[in-house]
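To start, the structure under review is shown below, and the notes come after it.
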Amino acid sequence: MSSAEPFLHPQAMCESNSVGAGTRIWAFAHVLPGAKIGSSCNICDHVFIENDVVVGDDVTVKCGVQLWDGLRIGNGVFIGPNATFTNDRFPRSKQYPDQFLTTTLEDGASIGANATILPGLRIGAGAMVGAGAVVTRDVPPNAVVVGNPAVIVSYRDSSGVEPLKAPERCSTNPDDVGVRQKLGVGSCWIERLPNFEDMRGSLAVLEHGKGLPFVPKRVFWVFNVPTRDVRGEHAHHKCEQFLVAAHGALSVVLDDGVTREEVRLDSPTLGLYLAPMVWGIQYKFERDAVLMIAASEPYDGSDYIRDYAQFRHLVADQQ
Amino acid sequence: MSSAEPFLHPQAMCESNSVGAGTRIWAFAHVLPGAKIGSSCNICDHVFIENDVVVGDDVTVKCGVQLWDGLRIGNGVFIGPNATFTNDRFPRSKQYPDQFLTTTLEDGASIGANATILPGLRIGAGAMVGAGAVVTRDVPPNAVVVGNPAVIVSYRDSSGVEPLKAPERCSTNPDDVGVRQKLGVGSCWIERLPNFEDMRGSLAVLEHGKGLPFVPKRVFWVFNVPTRDVRGEHAHHKCEQFLVAAHGALSVVLDDGVTREEVRLDSPTLGLYLAPMVWGIQYKFERDAVLMIAASEPYDGSDYIRDYAQFRHLVADQQ
Amino acid sequence: MSSAEPFLHPQAMCESNSVGAGTRIWAFAHVLPGAKIGSSCNICDHVFIENDVVVGDDVTVKCGVQLWDGLRIGNGVFIGPNATFTNDRFPRSKQYPDQFLTTTLEDGASIGANATILPGLRIGAGAMVGAGAVVTRDVPPNAVVVGNPAVIVSYRDSSGVEPLKAPERCSTNPDDVGVRQKLGVGSCWIERLPNFEDMRGSLAVLEHGKGLPFVPKRVFWVFNVPTRDVRGEHAHHKCEQFLVAAHGALSVVLDDGVTREEVRLDSPTLGLYLAPMVWGIQYKFERDAVLMIAASEPYDGSDYIRDYAQFRHLVADQQ
Amino acid sequence: MSSAEPFLHPQAMCESNSVGAGTRIWAFAHVLPGAKIGSSCNICDHVFIENDVVVGDDVTVKCGVQLWDGLRIGNGVFIGPNATFTNDRFPRSKQYPDQFLTTTLEDGASIGANATILPGLRIGAGAMVGAGAVVTRDVPPNAVVVGNPAVIVSYRDSSGVEPLKAPERCSTNPDDVGVRQKLGVGSCWIERLPNFEDMRGSLAVLEHGKGLPFVPKRVFWVFNVPTRDVRGEHAHHKCEQFLVAAHGALSVVLDDGVTREEVRLDSPTLGLYLAPMVWGIQYKFERDAVLMIAASEPYDGSDYIRDYAQFRHLVADQQ
Amino acid sequence: MSSAEPFLHPQAMCESNSVGAGTRIWAFAHVLPGAKIGSSCNICDHVFIENDVVVGDDVTVKCGVQLWDGLRIGNGVFIGPNATFTNDRFPRSKQYPDQFLTTTLEDGASIGANATILPGLRIGAGAMVGAGAVVTRDVPPNAVVVGNPAVIVSYRDSSGVEPLKAPERCSTNPDDVGVRQKLGVGSCWIERLPNFEDMRGSLAVLEHGKGLPFVPKRVFWVFNVPTRDVRGEHAHHKCEQFLVAAHGALSVVLDDGVTREEVRLDSPTLGLYLAPMVWGIQYKFERDAVLMIAASEPYDGSDYIRDYAQFRHLVADQQ
Amino acid sequence: MSSAEPFLHPQAMCESNSVGAGTRIWAFAHVLPGAKIGSSCNICDHVFIENDVVVGDDVTVKCGVQLWDGLRIGNGVFIGPNATFTNDRFPRSKQYPDQFLTTTLEDGASIGANATILPGLRIGAGAMVGAGAVVTRDVPPNAVVVGNPAVIVSYRDSSGVEPLKAPERCSTNPDDVGVRQKLGVGSCWIERLPNFEDMRGSLAVLEHGKGLPFVPKRVFWVFNVPTRDVRGEHAHHKCEQFLVAAHGALSVVLDDGVTREEVRLDSPTLGLYLAPMVWGIQYKFERDAVLMIAASEPYDGSDYIRDYAQFRHLVADQQ
């Protein structure tokens, strides 16, 4: 798409020889000799790029940004104006750490205008950091974070541009007990569970053959999750799971590599079947939420896929 | 201890011919003709007994008590002074219900001094109503109730006299994961479950072969239990259960027909194995408590023993 | 139904000559000379009646009750067993107040078994004191009170026997804005008010000609009502009112002299039209509830009917 | 006041020879042979008195009361109608404790109508148990208790009849820093303490010579007091104390043997000087209240007067 | 003050011919050809201005700021150093929206240092965005916003420079019922309303002729307002209003075009008369606040003035 | 380390003659004539420095920073990239304050990347402002602040680089009453106080000779401290203090000029002896915390050392 030679504005200072084809470097920008910059990038006015920096292809760096030693930037990354990176957790003048911390921006990530990224973090593929956010922890792939400190407020939708619209689907008709409602992600579904309610309280039940498609070899429950935290972020090769918010509420993002959807588990009688080879994320835990999970298999570490890129490859291979 | 004939104080008025041997009726007491009173009873001063009343053997009725039409009193019952019964829910002068409500006091129950019992209730075997209590609902066997309205505060201990002392046993050492601590009731035990805790919260797990002695055919959870309510009050012929307070806390009373103990489930990592042929009761639910139960069998109505007297007989037969 | 002469059990002690026809006095009861007892009463065993006591006709006094100097009992009153009255707020042995406090039980009131009535109170016509209740304040006509201290939990229904069943009517369809739903009491109705809702909050409106059948000369609002308190207990000759729970919830009892109904105002968009000549009561205020009332007339003390008996007479006259 | 011989109603049954002069026993009352009853008592209809009972002089026992083995009743005690005593904590028919528990009613105590007194308790001199109360713990001298279970709501005022009116005195003018406001009890006073307030919070100070009339040898603070509990109930021979509610609020009753007053400590800047030879009581603690006390002396157990009767004697001796 | 020609620093790059008289452009600043810049502006070092940008007169743009395509900046606007604008809600490298969002800064607005402005917003005339704020919603005229996300904390005072000092006026003497206290804005006043208070709660009243200067044709109430939200932001041609915080508290800003004042409505007995032709704003709603408003006219959309600039013109015309 | 002459990049613009030896000024930076810059500084690309600015020695100013008129910067200060300063609280275009506010950065302070510093503040020696923080108040020496608005989350440890690790020391064994546990800072210690606990609550005590090493001439207590506020920040020449959190919890930082430690006071039975000549800071107050302090001396203003630099000098002199 871009022509063979990089473009340098007359007022730009580029001391590096490692700049890809079609990349443009604009006025008052300054690139030090050691920097490696891919092709078709756009380096805007007043940008400063140090030596130990690697920038992929198709990257946009808006005005007023500095890329410090230790930054590793993938392909297709967007960095908004005045976004600020760091490479020293406790900087003191004239005191230097043995090694600067590495910050990694995976492919397709976007950093919002004037955002601040603390050192040593990984911003996952396709993630989006909101304008003005102060990022203090790793950001998972496709997550959308905002605020100071930044918290995850959503995930990107299947189109990859906008945040997921939390569907209203979770409000199934409470009377439709046992009806499986497909979610369009893998073979996942939600259903309303049988609920026996009287003056002494309520009892909901999960029984193999009646709603539950497997005999649970393992039951576990998750609790004390800080409101801003995220769990899951993995897929299983073959383990099936069934999720219920036994107390409080939380949200689940499901991703089969093609389609991504979000479900709100907000009732102890709402069950979610999470199929194998679906990437699952749980977040937006209410204070005191308890997530109960029945699993079709005993614990087996080798059944977990914890790297999203690997998950995408596996999914692609299966198709 | 009692001789063949009932004793009547000269100032007593007994119009009934159906009074058992050894029963004593004291001054200013008045028994109407239709009343049936067992042997070895003690009917104190100022008691009044109507016609449609049946009193068992070894019953004590202290001063100032009236037994109204519709009362059915078992053996060994104690009724404290000025305790007051009723047989009409909404009494209006000169307006009579078609039939008076029946109140039943099962064997060995005690009614505290000046307590008030609303009509149509069943006070279970061995139950104890505290002095001054106002009882508005059925009282299960062996339960101890106090207050206005009366709530269950305990169950009788194995000796049958005092309330259970809630043992401190539930505070197992959190580090003794997987160690089964016997409770002395049937083959029940408690154990600390494996708990994987990090900054994102905690995860506790129940897995067949690791702590859980059966594959769960059914998982159910109980919630929205009013603080004053009681659940359980049954035993199973063969279903095994494993209980965890997934959120909040509650107490469990276990009774194998001989020994009775109480356990406080107050942590999502504390598990209780409830053996077959053990009568189980859950109560003292904290607001928002969630009790999760894994069961070794699918639901089978015929596996439940819901009558405590029957349970006692079955236990006795097995020994 | 009762014959001309009162009946005295041989063991009864009646020193009064002022006992009405058909009244029966039973064993071990004791009536002092000054007491005045109406006709067709039933005075049961172990009752004690002092001198300065007036009892109406058709009154039932169950066993173990004492009627002390200062008690005034209307017709058709029921007094349950061991119910206890008082006439001295701070009794000390051998110290007597200048005058004993008068307790009044209006026609048709029922006092539950073992209830305690503090001195100087008025128990309104048709009111019902629950068994075991400890009454520390006046009880309005038809109110049902329970507990220690006793609080109003309901009012008698139109049949006069059971408590009102709180109808589910208040859950009008939120979409039926402006539809008047008749309540069957006078010309009262409820309706859902127009509600303009957006992300900045909600706005509900009351406008003459659109829902509101009068121009409000006066608007007032009631707040800080203790949960156990009752307001209203009056009718208006001609003032119309429109009630909304602007915050929180409360219940309204409506009584046109023939029919009595209860409505729960639980939304700032639910309006209640309270017609003239309807006795209105507000109670069961949630903590922090605010009741807003628009009135068709300026304040005029002479428009209030504050005595329920007078209200009943006025209603009867109009028919 | 009473004549030499006790009076017995013809229908009364008195089997005891130990009844004091001027005592009257009324119809259907029954006194067993072992009971000892003082002079000028009034034993009303339907009362029952067992053998191991001691009743002082000038005692009133209203109708429907039973006095059981183990009761010890001082002089001038009032027992309201249907008030009910007990002597076995866990009564079972035909099972008797080795010894019945003793209940003691000290001089001048009043038991309200239909109250229930659990066994083994001491009701202090001059205390008042409200009508319908269920007393489960000892009641200190002069305390007024109500409810089920009974809690202290006040103390008797100096006249000995009515409860103390909580004075509004504690609302000293916050600007009158350092002005000692006499309370009329011993040499006690309250004062507003210097308070240095800015945006970082507030600092209040107690310094010898500036408000504090002694150098504190000891500082202690009281916390985690259950709302229904009472502390203090003692006087000091010579130790002076200065009290501040460092957090929350509580009430203090002061009693110099002649005058009794109550003060609400509801601000960390309100100080109370508690003089020697003043009986002090702290109660009505708000949840989370912290009471800080500076004392003029080191701890010395012999400086405490813990028996109210002894305190009264000491005070009388000093006058 | 400014001379005829714009000033360009030798190190500045200005490619536009549309720069007003007296405007200065400083070192390392870069203006693209399409930009239109008014007169007497100050464009500081390191500023970058794209093509589709319009800047008014007397605008200050401090160092490190970029003005992107789509920005429309009025007269007299101040933009602090490193303040950052945006024009794409979900930026992805190499993906462009059909059209960039327009951000508008009205006359006299100030953007604090290092603030971040999300795309597509309008910053009202005279508004002030605090340093470091992240603005995610429109800012009304004269509002002062701070934080991430930015919320309104105040409005500018009448002088137009500093934020309004919230006057303590709202603490009228509760005893001065009915005294109108002028606010100095139009003919607005506040007054303490009649309040009838007893143990059953409080009743406050608004009656035509007694405090209320009109017969209310309409009553409405506002609720469920998120704490960070603002309501009102309009004036009426002729409708008079009377405001009361029936529950909770909120603040009202009043603006007659010359003077601006703020009042805290923090009591259900504090009323505010809001005159016609006064711009009214309600904000700082406490959680659960309910604002009740009585209006002198039925709803008439044409009576509303919703544009502040138009309001200012109308006021000026009337003077 | 630095050579005699300052280094200027060819693209830098330095108009000042007052630049210290060894200082380097990089590309596109711009220094106005009046600025005074010390030796061995590093002024990075795209920095702008106004006239009335004083910069000490060994200062690092990263890219994209502007130093405005009124800034006073000590030695060894670090200023991160895009950090933004201000000198006008309410900036309006073309309106200038009489004097710009002075912002002071004391020796050794660090300003994190993209932080915003409001005008007129003092950033104490060694303090660290976190990346992205918005500082609205003075920052004490050695404090670490983060967030928008910035709050103190820690203090620097003795090494001067990382934040203090809150030691677990405060969890002394509750049974080790009276054992003094040295803190390694001056002669400070913590100890568990005697605690007398029963069902009526707890009483903890401080008595001279038993734990308390002095007779308290003064007792004061601190309350209503906003969670984000800090108290103390001073040392005493000779006054000894003893601190207890009488309610809630707070943290204390102790600094003897060489060693700095932090203690959490989280129990009313945990006491801290704060020796003379130890700099003490209290912060992280829980809502409703009450800090009680007994002091060995009456108040004496001349005993306070309120300036940290002076404190360091005094300490150095004593060694």
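The first chain written gets the first letter, and so on, giving A, B, C, D, E and F; residue counts start at 1 in each chain.
One rule holds in what follows: a contact is a pair of C-beta atoms (placed from the backbone, for glycine too) under 8 Å apart; a residue touches a chain by one contact, two chains touch by 3 or more.
Just so it is clear, the structure is predicted and the values come from calculations on it, not from any experiment.
Undergrad: Chains touching chain B and chain D alike, please list them.
TA: C
Undergrad: More C-beta contacts across B-C or across C-E?
TA: Looking at B-C and C-E side by side, C-E shows more C-beta contacts.
Undergrad: In degrees and to the nearest 5, what turn takes the CA positions of chain C onto those of chain D?
TA: 120
Undergrad: Same residues or different residues: which describes how chain A and chain F meet, taking over half shared numbers as same?
TA: Different-residue interface.
Undergrad: With chain centres defined as mean CA positions, report which chain is farthest from chain C.
TA: F
Undergrad: So, comparing C-alpha centroids, which chain is the farthest one from chain A?
TA: D
Undergrad: Taking each chain's centre as its mean C-alpha position, how far apart are chain A and chain B in Å?
TA: Measuring from centre to centre gives 54 Å for this pair.
Undergrad: Using Cα averages as centroids, what's the distance between chain A and chain E in whole Å?
TA: Averaging C-alpha atoms per chain gives centres 37 Å apart.
Undergrad: Averaging only over C-alpha atoms, locate the centres of chain B and chain F and give their separation in whole Å.
TA: Taking the mean C-alpha position of each chain, the two centres sit 63 Å apart.
Undergrad: Give the residues of chain B that touch two or more other chains, as numbers and ranges in rising order.
TA: Residue numbers touching two or more other chains: 28, 46, 64, 82, 114, 134, 148.
Undergrad: Once you've mapped the touching chain pairs, tell me: line, ring, star, complete or other?
TA: Drawn as a graph, the chains match no named shape, so other.
Undergrad: What pairs of chains are touching here?
TA: After working through each pair, the chains in contact turn out to be A-B, A-E, A-F, B-C, B-D, C-D, C-E, D-F, E-F.
Undergrad: Would you tell me which residues of chain F are touching chain E in their complex?
TA: Contact set of chain F toward chain E: 13, 28, 30, 46, 48, 64, 66, 68, 82, 84-86, 89-95, 114, 116, 118, 134, 148-149.
Undergrad: Spell out the residues on chain C that touch chain E in their complex, using ranges where they run on.
TA: Residues 197, 199-209, 212, 215-226, 229-231, 244, 246-248, 268, 285, 288, 290, 292, 294, 298-299.
Undergrad: Which stretch or stretches of chain D touch chain C in the complex?
TA: So the residues of chain D in touch with chain C come to 11, 27-28, 40, 44-46, 58-60, 62-64, 76-78, 80-82, 108, 110, 112-114, 128, 131-134, 146-148, 160-163.
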